[in-house]
């Protein structure tokens, strides 16, 4: 199990090599990429910013929760930050497990939880003079006050 | 979109390169591999047999149905037949689409339908003198008689 | 008329051969052929009464009327993936 | 006591700086700091009344009582993935 943030391009194929075992019958690799449009508006690139130390901590928590659902610790997740061009991978998740249902469930869980609670922000860049814009995000779940 | 049966090892990473587009935000690669056990019994290898001409036809039908769910034609699926060792890939599915929900749905649909209706059979091989055994499979859906 | 029969996996083991040609009467259905094979004895006596079949590479009901030159395949429960 | 403040993304744009040190009274909560920043004017007057915050790299309620040396981060709605 490994969860990290990087400024370097993601080698998604290599991630698949980091999971898998003789006991496993299913491996799944999810890759999130930068789209050339959003909300009907053309996008020329994006910039991701992170609270890196906390983002890696939360990614690690998500990975541990996902591993419990997966039934194995064969799960790696990486999120890229910095300037990304259209088509580049911003996030990749690889998992493997004896059965496919758990692999699909755990992989989907990781990407949904990343969007819900990892302290990473995305600024979209547009063609021409239009100013970059921070994307409207999700309000992360905040724990209750301890009594 | 492409769907085929092969006797050669599957290069799963290369499949991911066959999908993806600037409009896409999500790519998903599923790899089914030979497990070292089944039903609590150690497995040393398997042999897949297919009614090849029909299997490719049914795989193509499944791919077309999945593409409709996916909203793109960026979907490839390959099933290997012949003798496979533990850990080798028997099936790989790559899809990409603007949004992740459709990618997960279409990828899952393809593997479930393969198991339900592609004319392929699996013989498990065991250690020692134990005879190989055809796996109990799924009864494919048969169309109603035309009146 | 002549029908080409194909047997796969477990059904091939029962038949002892992967394929055979069969001369049958016009109007015969897939069900007719299943009955003939089961009655002929040998391994195929253990063919189920209602196996899945494909006619010309497409799943078909056993009531399908066959034509000269058709390819009739006997398909055990499938186990790909 | 001294608190280290971190601002990210939109909130960094409001603050004009990614971080600052703040001297505050013992017993202050995260909510106290939010109030002080909003009252001080400038871009941070537009900080929401109840922003998400993390204390020492963990999400925390605004009622969290701060200690000397704590790292208090202001986190706009997140948009990773």
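Things to note:
Should a chain be cited, it is by its letter among A, B, C and D, assigned in written order, with residues numbered from 1 in that chain.
Methods note: a contact is a pair of C-beta atoms (placed from the backbone, for glycine too) under 8 Å apart; a residue touches a chain by one contact, two chains touch by 3 or more.
Model, not experiment: these values are computed from the prediction.
The chains in contact with subunit A and with subunit B alike: there are none. Comparing the centres of all chains, each the average of its CA atoms, the largest separation from subunit B belongs to D. Centre-to-centre spacing of subunit A and subunit C amounts to 51 Å, using the average Cα coordinate of each chain. A separation of 75 Å divides the Cα centre of subunit C from that of subunit D.
Separating the centre of subunit B from that of subunit C, both taken as means of CA atoms, is a distance of 26 Å.
Shown for subunit B are the residues that touch two or more other chains, namely 32, 111.
Contact between chains, as defined at the top, is found for A-B, A-D, B-C. Listed in rising order, the residues of subunit C touching subunit B in the complex are 6, 8-10, 13, 52, 54, 57-61, 63-64, 73, 75-81. The touching residues of subunit B, counted against subunit A in their complex, run 12-13, 16, 20, 22-37, 86-87, 96, 98, 100, 103-104, 107-108, 111.
Across the complex, subunit C is touched by residues 32, 48-51, 53-55, 57, 79, 90-91, 111, 114-123, 134-145 of subunit B.
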